[in-house]
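Per-chain residue numbering starts at 1, and chain names A, B, C, D and E are given in the order in which the chains are listed.
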Amino acid sequence: MRSSTLFARINRHTRMAAPRVNGHARPPTRQHPEPPPTPTRPPVPPSASLVEFGAYVRGGRVAAEDIPRALALVREHNTGLETPEAFVWVGLHEPRAPEVEWLAGLFGLHPLSVEDAIKAHQRPKVERYGDTLFIVLKTVNFLGDRAVDANGEIIETGEIMVFVGPDFVITVRHGDICPLAEVRARLEATPKLLERGPTGVLHAIADHVVDTYLTVADRMQAELEEVEAAVFADVSSRDINRIYQLKREMIEMKRAMTPLEAPLRSLPQRRMIPSEMRDYFRDVGDHLSRVCEQVESSNELCNSILQAALARSNALANEDMRKISSWVAILAVPTMIAGIYGMNFDHMPETRWTFGYPLVLGVMVVVCTLLYRAFRRNGWL
Amino acid sequence: MRSSTLFARINRHTRMAAPRVNGHARPPTRQHPEPPPTPTRPPVPPSASLVEFGAYVRGGRVAAEDIPRALALVREHNTGLETPEAFVWVGLHEPRAPEVEWLAGLFGLHPLSVEDAIKAHQRPKVERYGDTLFIVLKTVNFLGDRAVDANGEIIETGEIMVFVGPDFVITVRHGDICPLAEVRARLEATPKLLERGPTGVLHAIADHVVDTYLTVADRMQAELEEVEAAVFADVSSRDINRIYQLKREMIEMKRAMTPLEAPLRSLPQRRMIPSEMRDYFRDVGDHLSRVCEQVESSNELCNSILQAALARSNALANEDMRKISSWVAILAVPTMIAGIYGMNFDHMPETRWTFGYPLVLGVMVVVCTLLYRAFRRNGWL
Amino acid sequence: MRSSTLFARINRHTRMAAPRVNGHARPPTRQHPEPPPTPTRPPVPPSASLVEFGAYVRGGRVAAEDIPRALALVREHNTGLETPEAFVWVGLHEPRAPEVEWLAGLFGLHPLSVEDAIKAHQRPKVERYGDTLFIVLKTVNFLGDRAVDANGEIIETGEIMVFVGPDFVITVRHGDICPLAEVRARLEATPKLLERGPTGVLHAIADHVVDTYLTVADRMQAELEEVEAAVFADVSSRDINRIYQLKREMIEMKRAMTPLEAPLRSLPQRRMIPSEMRDYFRDVGDHLSRVCEQVESSNELCNSILQAALARSNALANEDMRKISSWVAILAVPTMIAGIYGMNFDHMPETRWTFGYPLVLGVMVVVCTLLYRAFRRNGWL
Amino acid sequence: MRSSTLFARINRHTRMAAPRVNGHARPPTRQHPEPPPTPTRPPVPPSASLVEFGAYVRGGRVAAEDIPRALALVREHNTGLETPEAFVWVGLHEPRAPEVEWLAGLFGLHPLSVEDAIKAHQRPKVERYGDTLFIVLKTVNFLGDRAVDANGEIIETGEIMVFVGPDFVITVRHGDICPLAEVRARLEATPKLLERGPTGVLHAIADHVVDTYLTVADRMQAELEEVEAAVFADVSSRDINRIYQLKREMIEMKRAMTPLEAPLRSLPQRRMIPSEMRDYFRDVGDHLSRVCEQVESSNELCNSILQAALARSNALANEDMRKISSWVAILAVPTMIAGIYGMNFDHMPETRWTFGYPLVLGVMVVVCTLLYRAFRRNGWL
Amino acid sequence: MRSSTLFARINRHTRMAAPRVNGHARPPTRQHPEPPPTPTRPPVPPSASLVEFGAYVRGGRVAAEDIPRALALVREHNTGLETPEAFVWVGLHEPRAPEVEWLAGLFGLHPLSVEDAIKAHQRPKVERYGDTLFIVLKTVNFLGDRAVDANGEIIETGEIMVFVGPDFVITVRHGDICPLAEVRARLEATPKLLERGPTGVLHAIADHVVDTYLTVADRMQAELEEVEAAVFADVSSRDINRIYQLKREMIEMKRAMTPLEAPLRSLPQRRMIPSEMRDYFRDVGDHLSRVCEQVESSNELCNSILQAALARSNALANEDMRKISSWVAILAVPTMIAGIYGMNFDHMPETRWTFGYPLVLGVMVVVCTLLYRAFRRNGWL
């Protein structure tokens, strides 16, 4: 239980953990100052990190050989249209720097957002660079019971970065939590949703991520209830560990969700979001608020359980102490009497009596019985 | 007491609880991602879930065979009037999706509000979709003493959703708490109130719900006072449970009420609320603020009682420990003396004395008396 | 001490307490939903609840037979004047509904403010209905030492509602705290103040009420200091009760004062307050802020005393435990030695020695002395 | 330690303390309602309370017989000038009402500010009455170690009120803390500063007062560090007292400083502050923010030390309890064995053995040694 | 451990610590009131404190003999240009007053910013004086494990002040943390960054400082995890010390970072920041927010660990107490029985039995075994 692996770090995904040497987590030594932004390796198109790409025209997928051709096809289609009808959707998983830089060149992404997309460990946020929105969402995964005893992790977090331009969406995923395939499948199955274009894709992703928050928050609440029951049966030191672990994971979850609330609420006001999509983003924001409130409540309850566990543990200790002391008293009195009659005085008349011994035994029993009753009456036993 | 049913979950109505297998609550597994919004079953008019519907013209109820005819009748009456004088009021209880969708088609409700009305477990809120207001209110029910020992629930929450259009009100109720019949009866008995139209109905509902909050908050405060008295008589581990349960239910109540405060306060500013109704909504908002403040105070007091219970339990333990130690000391001294005179030395002059034994007994009594007095003087006994 | 009367409720005046059956407070059962606002009894002029009424012209009191005639007289005087010079002041104490409704008819009061004035238990607030201001102030009364042991109440709260119109002031008092007679007497003694009209009366009342807050807050602080001294002398479980009671009454006081701060600060900006009165209302607001800050500090200190009492109680317990354990050790060693020489072995050479007995006694004394010294040195004794 | 003088009140200067009868502080009984503002005694020019007055023209001091003549001289000089070049500076110490009223008549001060200047115990604030600014600053004095054992006071607070008009400054000091002479001396030594006029004097005072806050805050932090060291050496109940006292004085200090932050930050925006002085007031505000943050941190640390002291005290108690219990066990075993061989059975073969006694002694030693080792191994000893 | 050096002060750099006499830290006695701002010594050009200076034209370094000549050269180059292309960068380390005053004369710095640059111990801030920005950043250095046992310091803080004018940057460093050389080297290696002029230098510094915050925050989190593991293995009083130290250093770190958040976020809105630099400052602000949130979380976790450690320590104590009491009971029963058979009555039949002794021994063993089993069953052993 001593191993530092038990209480693994809060703001890091399990799978993105620091390398471990001899079973000890290496303290995270972020390479000290940021290196000069000069490209050390030339940009290359994404290969291993490329999950999928597609060109979509009026809600339908169109074949394209590679990303540049897909983009050309889309731009050709959109020429002359007031609102674009086609877009490209590129999906990446933990890309290396040159791959993102290659895309940045193709789609005109700002170097600062590129840096964030590569480095991960960002906070959730919504930023605008020119006519491109850059959104960072934290994904949350419930590890649940199977994990609770291994290393104390209950949830792990990952990240999804989304670049939303007028005619493209680029999604960059960090961590093993994989909801994007599901989102793409659902969207491709419902062309009406895809017709909304890049903003529709953004909405589908945000909606999905926030729905996951709700599921995870419900699961954590169930955990909390289990801990409540355990504490109110009897307070063991192991229960305290579980409360603390829950508390820690609640804070992790809060950090993943809360910073997103304000920018998501302001998203519908942005000029780049088509007016018919505004209610939909407000709806996502509303669900986010709901889960934030739930986690906040659970978090407050965690504190109260800790307090209650302490108070209960104290009260139980008092009850035990009174019980123990009562029995000590009941045992101490015959011991003292026996001690007295064990003294070696020559003249102790009682010791000569024929019935001295049973008399004393009787006295012992009577005294003990009286003590027992007295302790029961005042509630100590 | 160990059963996880004892501490049931906070944000779920007792009657809407997850299915239980073998007496264990199944962890809530919200079906993972939201299914595609394509209608799986065609819309149907509400039947089992329809509680009542009525057409009202200038405060009086008018007969109508079904909802579409009631609406037609109302719209015909309103034609040409600057402010509508007639409206339809439809009341549902836990409707299924196709029923709400059927109504949405008839009255032109936004799909997002429809989704909320079906799914329940929303947070209290006020939203505008076009010229329809969508309001979610949480109802609160006091379960009280009868429940306290069964599963620790003191209050349960339900929901009322209200769609307010220019010529209709649709109320959707979730959970078993049933105040709407009462509200409808009262309104039908006072035509002056009904003449205010859909906004008047909304006011009557909100007013009623907030009045219930006041009643429940008073009840919870009475519970709190009982717990106070129990803690200040003697701190038992059971008292701690009760404090914690109260705390948890306070948080549940806060979550049900607090998010409503801001939108309710801004409701009078909305263009859709007729100016003569504004003071009335402000009044409801004011009562809501009062009960929020009361629950906030009770909540803060819960924390203090927990703290005080801990400190008292500690202080009582010290007082007990001093008492116990004093008696241990009073018993230990004669035991030690008896031990000394129980030694088997050949030459112990005192054991030869004729009055050695009574003398030693006397010494024991004197020493114990002195000890007793000393302990009384320094307050340990 | 067990009786639930000991910890009476926070937001209720002692004199307005719920009826008690067999010494138990009945749980407060506010009559469930608000009854229809149709007048059940016809309005009547106030009689038993009427404390005083007066017509004032340019700061002097003018004779009038009843309220309607006083009002007529005043309105006649004011006719043609740009700023009214005369006003009526009606003072009520816990009026019944028909009485307030009668006044509402005469002076044109809004039904919502009438409802509040009848029902009491409002939160402090400032509301405008047309050209009438409706102000609710909580009065606070210090019960002090005499009460502390009876039922744990240190302060009780009452209410003053004030209707301020262009030519009238109506004051409604709830609870036994009676400062209005005093205010009226002072104002009648200083015509310059009365000349300021209804707003001047409002200022005098608010100023007086806030001054009382200062007095009460000082008294509570003195209580707090007494508790501090008691805790730092020795932590008894009774001290904890007092801290908690203080804490509870602090919260009651905060609730009575704090909600008034914001509306009182915005009062000077209202068009209805004459410009020469604005500095005076700001001054009251400033004094209110001062007492709010004081109570907030005392409240924070209450938490710290509770914490400190707990920590002290723990530290004292440790000190006691070390002391007790030391004496137990000092007694246990001779007991053990005596036990050894009480064994019945045939061959125990020491028991044959002539000086065996005094030798062993000496050894016991030496060992105990050494132990005693050792415990003194390491600070346990 | 029991005396209520030990924990003197927070918002009162030591030297302005309530009269004490028989060593007990009289509970502060502010004279109940504010008396009518009619002057009971006629205004008189300040005499005993007058510390100094001076007329300053272009940074140099000019002789004047009394305050009215000084003011006449100054006003004569300023006649026709766009920005005044001369001003009067009057300094008072705890003046009586008639004296301040006399000055109010001469300089045209508002009665509300006059009331505040007489009564003291104000909160820090900045108020404007016509073209006069009225500023209340709390002075803070470090009493330090010499006081810590006398009555638990670490700091005491006083007040400086400043009236700033276009051609006068009036400073009113309450409490014994005396920095104004120093400020005046420094200003008279640097005519460039005095040329800035009344606002320059205000700045010099505010700057000086805030610098004192920094000094005092540093001293309190040093105290905090001493307490930290004391707690982490060993937690005694006396340490808890010191933490609590520090906490209380931190709160006193916060109350003296924090309310000034907002008005001081808004001071530079006021029309009455010459533009070249604005950076200087911002600088004072900045230093005030710095010291507020420092005290806030120390205050938070106080809470943590209290928590840590409690946790340490608990952990130490456990460590002691384990140690004590180990020794009890080590002593209890030979006592039990001795008890067994002290039984008076006729047939106890061991007692007949020649080496029975040393054998049993040996067994005792071996068992005790084994126990001792076992306890060392599991860390209890 | 008692030495006051162990818990050194929070808002002071280790290397800037107050002089120590006999190993005791002298309480910090800031020279009481600020001395008159008259220059005591005439300004002199910086020598010992001058780290480096350079003139930069279009991103390249140009040779210059001394600072005035560098400035002349730069100003000559910029003459006639709309946006300056050249600037001077002067770097100082803990300069004396006359040196900064000399620079102030040359570059036209405001005396208030000069004072701050000399005195250090400022709070992080952004101020504008005319067309010069004055920025204070706190640097943070991780001392880590090597320090933890020496004096409890985990991090130390220093300061960087930056004056940013249209054609100059002056950096003043306090404390031994030395990142500026690194920043200068990196900038000189990438002319594109240097071409951005003084604002670019400011960005590079701020970016670097904030990156260091991230590194240090990660390190502190690793410490926190180690402490978690230590507490959850077994709660020792030493663990509590470590938690408290971490807490204290978290607060120190928060104070160093948090006040910068608001001004840094508003920096991009300032007219003096070229529009193409705005995204870059927003990016730094974003990273700052991320690290602030992380430290805030860790800080909250510190509180929870302290709470959990206390609760665990209590629960462990109960578990130990039950174990100890069980063994005491198991030992006390045979002792009592032995005492009874040690009594010296003439008529104790059992003592005459041949198998009395082994029988009693057997009884003892049986009773102890039964007790042992009972205690195991109820979980006390």
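As a working rule, contacts are C-beta pairs under 8 Å (C-beta built on N, C-alpha and C of every residue); 3 or more make two chains touch, one makes a residue touch a chain.
The structure displayed is predicted, hence computed values, not measured ones.
Chemist: Spell out the chains that contact chain A while also contacting chain E.
Modeler: Touching chain A as well as chain E, we find no chain at all.
Chemist: With over half of the numbers shared counting as same, classify the chain B/chain C interface as same or different.
Modeler: The interface of chain B with chain C is built from mostly unshared positions.
Chemist: Mind checking the rotation angle between the two copies, chain D and chain E? C-alpha superposition, nearest 5 degrees is fine.
Modeler: Rotation angle between the two copies comes out at 70 degrees.
Chemist: Mind checking the centre-to-centre distance between chain A and chain B? Centres are C-alpha means, answer in whole Å.
Modeler: 26
Chemist: I'd like to verify one number: the distance from the centre of chain B to the centre of chain D, where each centre is the average of its C-alpha atoms, in whole angstrom.
Modeler: 42
Chemist: Would you pick out the residues of chain D that each touch at least 2 other chains?
Modeler: Each of 307, 310, 314, 316-317, 321, 328, 335, 339, 342-344, 348 in chain D touches at least two other chains.
Chemist: Testing understanding: with touching defined as stated, what is the shape of the graph linking the protein chains, line, ring, star, complete or other?
Modeler: ring
Chemist: Under the touch definition given earlier, write down the residues of chain C that touch chain D in their complex.
Modeler: Residue list for chain C touching chain D: 179, 182-183, 186, 189-190, 193, 207-208, 211-212, 214-215, 218-219, 221-222, 225-226, 228-230, 232-233, 279-280, 282-283, 286, 289-290, 293-294, 297-298, 300-301, 304-305, 307-308, 310-312, 314-319, 321-322, 325, 328-329, 332-333, 335-336, 339-340, 342-348, 379.
Chemist: Under the touch definition given earlier, write down the residues of chain B that touch chain A in their complex.
Modeler: Listed in rising order, the residues of chain B that touch chain A are 1-4, 6-11, 25, 27-30, 32-34, 36-38, 110, 112, 122-123, 125, 127, 129, 234-237, 239-241, 243-244, 247-248, 251-252, 254-255, 259, 302-303, 306-307, 309-310, 313-314, 316-317, 320-321, 324, 327-328, 331, 334-335, 338-339, 341-344, 348, 350-357, 360-361, 364.
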